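Shared between the two complexes below is chain A, which pairs with chain B and chain C, respectively.
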Partner chain A sequence: MTVMTPYRSGQRPGPDGFAQSLHAEWTKFRTVRGWVIAMIAAVVVAAGIGLLGTGAGTSTCQHAGGGPQRTGAACMITFAVGPGGEAVSDSFYFVRQPLTGDATITVRVTSLTGLLPSSSPNGPPAPTRPGLEEWAKAGIIIKQGTNQGSPYAAVMVAAGHGVRMQWNYTEDASGLPGAVGAASPRWLRLTRAGDVITGYDSADGTRWTQVATVTLPGLPSTVQAGLFTASPGDNQETQNFGGGVSGGGGPTQATAVIDRVSGLAGPLTGEYVGAATGSGIGQYRQAGGQFTVTGSGDIAPIPAGHGGPADSAATLTSYLLGTFAGLIALTVVAAMFMTAEYRRNLIRVTLAASPRRGRTLAAKAVVIGAVAFVAGLVSATVAVVAGTAITHARGYYGFPVAGPTVVRVVLGTAALAAVSAVLALAIGSMVRRSATAVAIAIAAIVLPYFLAVAAVVPLGAADWLLRITPAAGFALQQPYPAYPQVTAIYSALSGYFPLAPAAGLAVLCGWTAVALAGAAWLLRRRDA
Partner chain B sequence: MEATIEVSGLRKRFGSAQALDGMSFTVLPGQVTGFVGPNGAGKSTTMRIILGLDAADAGTALIGGAAYRTLRHPLSHVGALLDAAALQPSRSARNHLLWLAHSQGLGGRRADEVLALTGLASVARRKAGGYSLGMRQRLGIAAALLGDPPVIMMDEPFNGMDPEGIVWMRGFLKSLAAEGRAVLVSSHLMSELQDTADHLIVIGRGQVIADTSVAALIEAASGERVELRTPARTEAMTVLAHAGATVAATAPGRLTVCGLPAQKIVAVLTDGHVPFTEVAAHRASLEEAYMELTKDAVEFPAGGARR
Partner chain C sequence: MHAVASPAAARPAPVLARAGWSALPGALHAEWTKLRTLASTWWLLAAAAAITAAVSAAAAAGAGCGPLGCAPALTGADPAKISLTGVDVGQVVVALLAALTVGGEYGNGMIRVTLAATPRRLVMLAAKAAVVTGWAITAGTVAVLGSVLAGRLILPGRGLSAANGYLLVSLGNGPVLRAALGSVLYLALIALLAVGVTTAVRDSAAGIGLVLGLLYLFPIVAAVIPDHVLARHLVQVAPMTAGLYIQVTAGLQALPLAPWQGLGVLALWTLGALIAGAVVLRLRDA
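So, the complex of A and B:
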């Protein structure tokens, strides 16, 4: 046999590492025009659905108290804005006096009763039926002034929630539980020391417990202080199959009996702060040391969304409503980024070129995740920026949202897209067939969200779907907090999710980590 | 790195079928080694195991002494063409080579070089899905050559090629071997490897049946039969029998001689002054030799299933 010089490769390849795997997978992605087009389509569709909802159609509205039907910009509603920039309702009956410097106000509440609306055959519902809205409240309040949205702190009894201390609309702390009555009166105390206001409660007027202490920065020396009663509108609305809201409600009122008042020395003025929901609802009587204060309205944040007072306001949620459609396109591309390799045994070429299978899978995941992140970022940015601009241009009311929250929602949408894409890729790697992988990915990520948003399943079941399935990641898009102290339909359609954004992301990431681990295990174990 | 493939004691079972049953052979550099056997004999399985794509139940497959999965820049050690259809149809040929090049830390220039080498430069930007099977085979060869590897492995590269392509392929494989590379080419048709392979590994039922040079295989199959044409039949039979050969008369003026090589027969006849017009060593064709070897190893013989 002839002796040959062994052949030496003329190629001096560069480094052999993760960067080369990444480069190869990126080249693979960008050289399939269909995938690139599908990604662009995902961006356009996701942003477009939200903008279509914002830009098209005309909203119609009718005042709760009746009157002519109005359309378009005439429907524009506005809300007072609280110290944190959020929309608030600031309407209640206030028995007040100016108060200068540090002070302590103590009262005893012996009764809280009210009226709920009942529909009358001819006319809108009016508060005629005895009963209490669960968040009807009465107590002591110290407020910067009577101007709408001004800072305050208050300690109160709430009809269904015991003693509360609430301040600056969004904050709420609980004190003594139980309903107030002649047999179980509630003593309340509010002290001011500079910017610091502290609330106390007591069942007997001797043993006091602190409920909360809060700082209202920049509180002027002279504030308005006194007794108040408020009773939020009755909300009997329910979400229907398909997402619509039906049912109704109407104005309510509450009456508190308050005595043993100390710390309010000067002449008192009874005044309705904000807009009264009906004539003659706010009033007070003083007989000896006993005050009977009747009022309606609420001192609380206004939740965005359907079925509430902000129903017709444009929200970040409505701008981002197309996310689910973008995710469908995205999961198809992400799953196919893997399953296309199996369709024609291209996986063998891939794994012959990059035999470290875990690394190859990781490179694929990083590429599709990064592509999806950018798609999500572009789509959400366009939707929010253009949506806001259209809302303003059309003269509609854009529900206020804090800047950092907008950034979190936009980045969160990008993260939702990225992690969902990686999950779809991992599913594709495990099942190796395009149709099956896409079906599973959509069923896991988009379907639970869709069932919840369209109210195909009841609200409670929808909440569970949004807690335990990968769709929990949609929580990243929640722009407005849900307030336990305000009764509303906190549904996915309105942009409310049962988990906090970080927790929702964690659930989605958990599913993805499990799927990716399974994919890596199977990829290493199976013959290619 | 030594340009060799060493396969030792490979066993692989797919369900109830024993695909490989102790497969062992070595592929040496500088020659084209034909890897032949009937369909289902285990050629593709062996190649997938060599490339680390399938895991063997037992045994080892080494490239220059190392397992494939441990190689860095594997495409600069082994270039393989397993399946010319393993392409994303919507990706252009150049982009197919480009991602492969990037996976090895190579650039687009190398992709252009192998495209030129395989005659695909003019159609490189077309979608690979529109390629004929012959063009796809060329693209697969371009991919195999990307890392300029010392070991080349191809599974049925002649499939679907037109006669012109087959001629090109044969020359190409020979030139690769002539550069000192180890070239392993599988086929289920021995005729495709005639005039191409220097060495043959014949397999059947997951085992090696013969591991031999092409010349030795033909010689073994031919026996030492020589056809002799002579007008002096009796004299020829006498002198040849005397020299130790077995002689049989097959036709008027024709003899078949066994037991003596052709040169010796010529010498004996010349010495005995016996006239003859033709002495021809009988040569079995490669196909005959192959059929002889594999007749017991055909998995699905024509004329009825065996299992």
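So, the complex of A and C:
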């Protein structure tokens, strides 16, 4: 009797773990020449398109007072830079005196009136129509000096927003609500103790409430202090349906009546600060203890992008414009990374070698996510570094941005690429057909961004698209915060998104998690 | 003894496949059979029509008077363009069908059978293009009619009414008819563009990716770059932006191109893609 022993291979069983799956998937990826070429193309295209955003090459302009027609770099308006590195408007009418050491200034504002622009058929709009810009403001300010962009703290009455304390351009705190008038005067107080400045408000001059207390590090012993009035330009911007945003408006002015001034002794000087960038309307009159201060301009950050004062400045948003084109190429590769297995029936070999299907999907996701992260990182770094250098070399104006923000936006672009690639992979795993997967992934990630940026849909609808679709992830690229105290159209076109960067990433990750879960479930349930 | 006839003489002459362009009717019939017997063809037709009409209806529902008032000069709104907004999204489905029809054959090897049956490759490409165009015109007509109906029903209620000085979204109005007909032609040209590009790259996924990239690239770049002169040139040569000028019925004098010129720009892109596809098809092994 012969005993049949079943055949056993002399080979030792190979290691079988996640690391092996990862290694297998990485080998599959790097050995397909078309995919590697497509990834390199994605990086090159994404970075290359950004170079188109390096400046206004052929714009022409003329000085208000006449003179020769200028072109290109000579047309660039540059902005003052605030203590935080952001572009700021620092123009207002200042009734000031030097102030040494600790002090307390108290005033009463009894009236704030203004003029709005009305367009005239033969000339630029001029402030002639009674009315107040909502952020027209007047009050007390303590400022390091009259040089542009220097630190300050101010307590003020804002036309449509009650009492505010604002400091260093970007910060804003609210006090007493309601409009100012003869029947409802507003008392304001600003005290300085070393580096610390505290603002108070009161409706009657006896009961005081603290609005905010701020520290201005390194404030010199002698500062400029006094009364101010500012009134930002009227932005009657309209969004053209299907055709972008166009800016309108014109200069405005405001006039405040201020009395019961204490803490300001000695001669006062009236001066328009920052006349080069503002329209420079301003004057003051003193009759007894009553000051009438008229001013225009704004002390606030400048919003980036289209339709505003920074219309022709090169921004981080314009350098990174190519991201969506890179994402399209990335989507094709990521979807095919899965669907090619089905087309070539490689999936049967893959699943025979690694029968745990969830693990195979996870390994693919890690590989394509890592590759996309690196591609996004390289292309964003190249785009920002080269874009900044070229803008500088051509003599164009680059909109100022703080260093940490640049790092955050570049890393955010890499994260956007990585998560989008995993989403496309999951879609590919679910629908199994390359073209269908690519079309769905592009429609989910890039199409909502397109509809919002190209202003195909109205602003409100665009905001919702960028909140709920995977395109919310583009919020990772927002370089400049939207300031509630500055009126502007904060649209995706100008680099402003309705969600915070982290929230946008969370929405994109949520869609990706759902798609991955669906892909894992279908992969287990269906025959390959 | 009978003389044995040579076998060649005894056998009836084989019915040869018709040569040259006379094979076109047969090729058309074959392509039409392949297209109509796929379930996805009819799902995609329904999807194209439904998505286009739904997006158009949503855009019409989102339209309205501006803060300054309802007059056309204040809103700048174009009722015909608003009610045809869905074409921006529906074209994805149209391009997808075209890419699948060409690229799918390369994916599963069917292209070898097709070319064995129709050895004249340009005849095969012409037949495919014709069948896909017919599908796109059908889908486009349903989609555009749905969109126009949605605009007609919704827009007057949003303040963009004839009483306020807007054009009524009705096919009886010359400019609206031009916009609607042009949108159907636009979708047909997009389908042909996708046929040409996918024939050139011989892969459905790469084809749809390239077509959508080509369509969306120009308007996004033009919207964001700070150089307005360059931006204007970009939208003049952009297949999607220029092509969709056919939908514009208000503010025509401000357009960088006239409506039919714009559609002509798209037609040039389509022609270029088809020529590229034809050259690749002739020169390469399948």
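Quick note on the criterion: the second predicted complex is superposed on the first by the 495 of 528 C-alpha atoms of A that agree within 3 Å, B and C clash if a C-alpha of one lies under 4 Å from a C-alpha of the other, contacts with A are read in each partner's own complex, and residues count from 1 in each chain.
Operating definition for what follows: a contact is a pair of C-beta atoms (placed from the backbone, for glycine too) under 8 Å apart; a residue touches a chain by one contact, two chains touch by 3 or more.
Here the structure is a predicted model, which is why all the values come from computation and not from measurement.
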item: Which of chain B and chain C A:Thr331 touches, first, second, both or neither; value: second
item: First, second, both or neither for A:Val384, with chain B first and chain C second; value: neither
item: First, second, both or neither for A:Ser318, with chain B first and chain C second; value: second
item: Partner chain in contact with A:Arg33 - chain B first, chain C second, else both or neither; value: first
item: Chain B versus chain C as contact partner of A:Leu416, first or second or both or neither; value: neither
item: Which partner, chain B or chain C, touches more chain A residues; value: C
item: Touching partner for A:Ile49 - first (chain B), second (chain C), both, neither; value: second
item: Shared chain A surface residues [contacts with chain B and with chain C]; value: none
item: Residues of chain A that touch chain C when the two form their complex; value: 38, 49, 52-53, 55-59, 236, 238, 240-244, 311-314, 317-318, 321, 324-325, 328-329, 331-332, 335-336, 339, 343, 433-439, 442-443, 446-447, 449-451, 453-458, 460-461, 493
item: In the complex, chain C residues that touch chain A; value: 58-59, 62-64, 66, 68, 75-78, 81-82, 85, 88-89, 92-93, 95-96, 99-100, 103-104, 107-108, 203-209, 212-213, 216-217, 219-221, 223-230
item: Chain B-facing residues of chain A, complex; value: 1-2, 4-11, 13-16, 20-21, 23-28, 31-34, 340, 344-346, 348-356, 527-528
item: Chain B to chain A touching residues, read off their complex; value: 1-3, 28-30, 48, 51-55, 68-69, 71-78, 80, 82-83, 85-92, 95-96, 98-100, 102-106, 110, 143, 146-150, 179-182
